[in-house]
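Dropping the structures in below, format is structure tokens.
The same chain A turns up in both complexes below, where it pairs with chain B and then with chain C.
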Partner chain A sequence: MLRVEELSVCFGGLTAVNKVSLSVGTDEVVGLVGPNGAGKTTLFNAVSGLARPSSGRIIFDSVDVLRAPLHRRAKMGIGRTFQIPQPLHELTVRENLLVAQRFGAGQVDQQKIDEILEFTNLAPKGDREAAKELALTELKALEVAKALATNPKLLMLDEVLAGLETSGKRRFMAMLKELHQKFAVGILIIEHDIETISNLCQRVVVLNFGKLIADGAPDQVFRDPEVIKSYTGADHAGSR
Partner chain B sequence: MKTNASIWVLLLVAYGAIPLTLGSNHYVMSLLVAALVIGGIALAWALLGNLGGMVSFGHSAFFGVGAYVSALLTLKAGTPIVIAMLLGGVGALLASLVMLPVLRLRGPYFALAILAYAHIFKIIATEWTAVTGGSAGLSSIPRFPTAFGFDFSGKVGSYLIILSVVLIFALCYRLIRASDYGIALRAMHDSEDATRVIGVNSVLLKALMLFVSAFMTGVIGAFNAHYINFLEPDYAFNGLWVTLPIVAAIFGGYRTILGPLIGAVTVYLIDQLVFKSLIPYGHQLILGALLVAMILFSPSGLVPLLRASVRRNHAAG
Partner chain C sequence: MLELILQALFSGVLQGGSYALIALGLALVFGTMKVINLAHGELVLLAAYIAYTVESSLGVNPVFAIPLALLIVCAAAVLVYFLVDLIRQDRELNSLLLTYGIAIILTNAIQLIWSADIRSTGSAWFQEPVVIGPLYSMRSELVFFVVSLALMTGLWWWLSRSWYGRAVRAVSSQRDAAKLMGVNPRKTELVSFIVASILASFAGVALFSYGVIQPSYGHVLTVKAFIITVLAGMGSIPGVLVGALLLGVTEALTVTLASSALQELAGMCLFLLVLFVMPNGLFGAAGRRG
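Moving on to the complex of A and B:
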């Protein structure tokens, strides 16, 4: 479904993403890991259209979307969340989903909105003003709900679990596990917690300094000496 | 309920009481017409600001283009005034097309770019003498006709026309704001990237708001041309046609629909009837002070201030 080929994104002299190739299938949950500054979010931005790649290709559903504007990519089925939640200001939770559905999916379906609200545990908060009256867990859930309302084929989740307390994290995990099946959506998820990734993903891709250094099953990848080195900054692989 | 009732009262006063009681007072009626012209521009300006998130200093261009298009069509092609006025709006809309490239700019950059554009139109009106008559201007622009046995060229007739035009625009504004587009536009204000990643074509939506705003301002400009029967570039493209509406909109509350209208009528009438008699020259000084006070004490303007006090009284009673 998503195929990224030799993608590079540069900011001035800095190459944030360096010739990265990866793919995500419709029925896959893929983890994207790497230390801070590895280029994970930049990769998300490039795929969703917020950052302009300097070279490479982004193929989505067999269409080259490299030049397609942001909103067109959303309509095609590329959904994403932001690490720092970005609720739509001045709108209620329900209106947030309404806009996402109307413009992202093309038509309004109240029943689907109810279903998404229910699924993301936001049903009781539907009439609250999203930007002002939600707690962090709810804001993170709204990020997911908004993306779901656009009827995506690919959902890119940027550290949706970060900053949540343990119980919230557990509930969110359960939701994410179900999400993939229930909404028939392929998932690419950025997450720091190795346990979460192992638990959730069939495959994991590791970036370090903008380069892809591993791509495979979690238990394999997390044993890879180079991956361990990238995380610890030293050669601990030998001591294991 | 309460808002509905007060709107009906307002309509009754505007269409009934005012023409009946003040209709013979030409001075006050002309002040009211001028106030409504400014109010109409203020409404269109606020629509662009509130829904599109754009601050424009270029609305005088739309006003002027609308005025010239309508005047020329009636003078040279004999187009009926009503159609010419609408085409004046279309002319202003077309003028706004050249502003599309700057839509991607934000904040002060957009404001500056559109100000520069406005000047281009003024220069065209001055230099294209074969069509516009240059700086000598156009005179004997046809007045409003007599219809249904009522002479619309008089003060009361003109007042009723501009009042209706402005109220129709307010209604359109309301419909747009309540639509899906309106909701998306509201969201775009503080979270443009977030709205774009869920499929909203923000540039298109902003462009549509620019078109609507330009059209409205053009129609108001056209009205004014037929009302005063005379045009020259310095008058039609004067910067006052945008600064006064901005003052009115901010004073009344630019994020409300009626705020700009009420602001315009309040500001203009108080200025002309009270301040001008106190200080014949430089009376705008007080206006400036009043605006500053309003921004300091109620940044969202007069209408939200009134609403809050009504609510307080209601709660207290």
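Moving on to the complex of A and C:
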């Protein structure tokens, strides 16, 4: 469904993503891991349309979307969340989802909205509260809910668990486990915690300094010496 | 003396209605596009001059000019939008220069077409006095105050209930997030420009119906709208209304108690005072930046 080919993204002289190729299938949950600054979020930005790649191709559903503007990619079925939640502050939780559904999915289906609110534990907040009133766990849930409301085929989750306390994290994990099946959506997830990734994903892709260094099953990848080195920083200690 | 002050308060409130319409237009466009349209006051003035032309050439009440004003002002606003849209780099700053230039061109075009003479309505129906207890107003002031309130209610409904209204709020609130939700930002910006010019058209006809207009009045209106928007702290209709009433009342009191020459200065002083004391505006959320 998503195929990224030889994708590079440069900021001035810095190559944040360096000739990365990867794919995500409709029925896959793929983890994207790597140390800070490895280019994970930049890759997300390039696929969703926020960053302009300097070379390479992004094929989604057999269509080259490299030149498509953000809102069109969203309509095609590329959904994402931000590590720092970006809700529509002034709108209520339900309105956030309604806008996403009307403009992203093209039609309004209140029942589906209720289902998403229920699933993301936001149902009690739905109509009453403006998004700016929410706590962090709820904001993170709203990120997922907004993306789901656009009826995505691919959902890119950027560190949805980061910053949550333990109980929030546990609830979120349970939700993520169901997400893929319940909404029939392919998932690409950025996460630091190796256990979380092993738990959720069938496949892991590892980035380091913008380059792809491993792609395979979690237990295999996390035993790869190069991956371990990149994580423990054996070679690069002090260079960051 | 008390009666004079009461009268000033009343006139100020009535004047505030049109001010609010102008300010809401400026705020809408700023919200979606982060562009301060410095030609907004000239668009209002254009509507006022269309009202003058319709009244003087057809001899009818200026309200009948509203459809024509809507048509021409919306067309002009769409043109302004496409010009601003051409700016790809540093839009927030460069658009100030562009819209300021457009404002100057419009001012001069208005002067060329309608001459620099001061114009006001000759409609007897509009100028008829309406007396409510100790308070006096022209019929046109009351009529357009009610129209302003109705338009603001309509705007509120549109923003909170309609899809494009919600899209306008979405883009104003978080541009990138809105795009990722499938909202077409350029379409939304254009819609906000058009809604702003609808409000401007009504405000322009209102200004002509109870006041005097001249070609240089456009930038005065832009400044007033800007002051009100800052007073309100961006983004809430009731806030803009209160800001507009406050400016209207301040101006009216200044005219009554001091001199009409100080009218604009009083508005500026109010503006500075609020910026010093409440930098987020009267209703702006504390500590949150757009």
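In the analysis below, the second predicted complex is superposed on the first by the 230 of 240 C-alpha atoms of A that agree within 3 Å, B and C clash if a C-alpha of one lies under 4 Å from a C-alpha of the other, contacts with A are read in each partner's own complex, and residues count from 1 in each chain.
Keep this in mind: contacts are C-beta pairs under 8 Å (C-beta built on N, C-alpha and C of every residue); 3 or more make two chains touch, one makes a residue touch a chain.
Predicted model only: the values in this text are computed from it and were never measured.
Superposition note: with chain A as the common reference, chain B and chain C are in steric clash. When the two complexes are overlaid on their common chain A, residue A:Glu95 makes contact with chain B and with chain C alike. In the superposition on chain A, A:Gly104 makes contact with both chain B and chain C. When the two structures are aligned on the shared chain, A:Ile228 is found in touch with neither chain B nor chain C. According to the touch criterion, the shared surface of chain A, contacted by chain B in one complex and chain C in the other, consists of residues 48-50, 69-71, 74-75, 79-80, 82, 86-91, 95, 98-100, 102-105, 146-147, 149-150. Put simply, chain A touches chain C in their complex at residues 48-50, 69-71, 74-75, 79-80, 82, 86-91, 95, 98-100, 102-106, 132, 146-147, 149-150.
Residues 163, 166-167, 169-170, 172-174, 176-185, 235, 285, 288 of chain C touch chain A in their complex.
Listing the residues of chain B that touch chain A in their complex gives 180, 183-184, 186-187, 189-191, 193-202.
Touching chain B in their complex are the following residues of chain A: 48-50, 69-72, 74-75, 79-80, 82, 86-91, 95-96, 98-100, 102-105, 108, 131, 146-147, 149-150.
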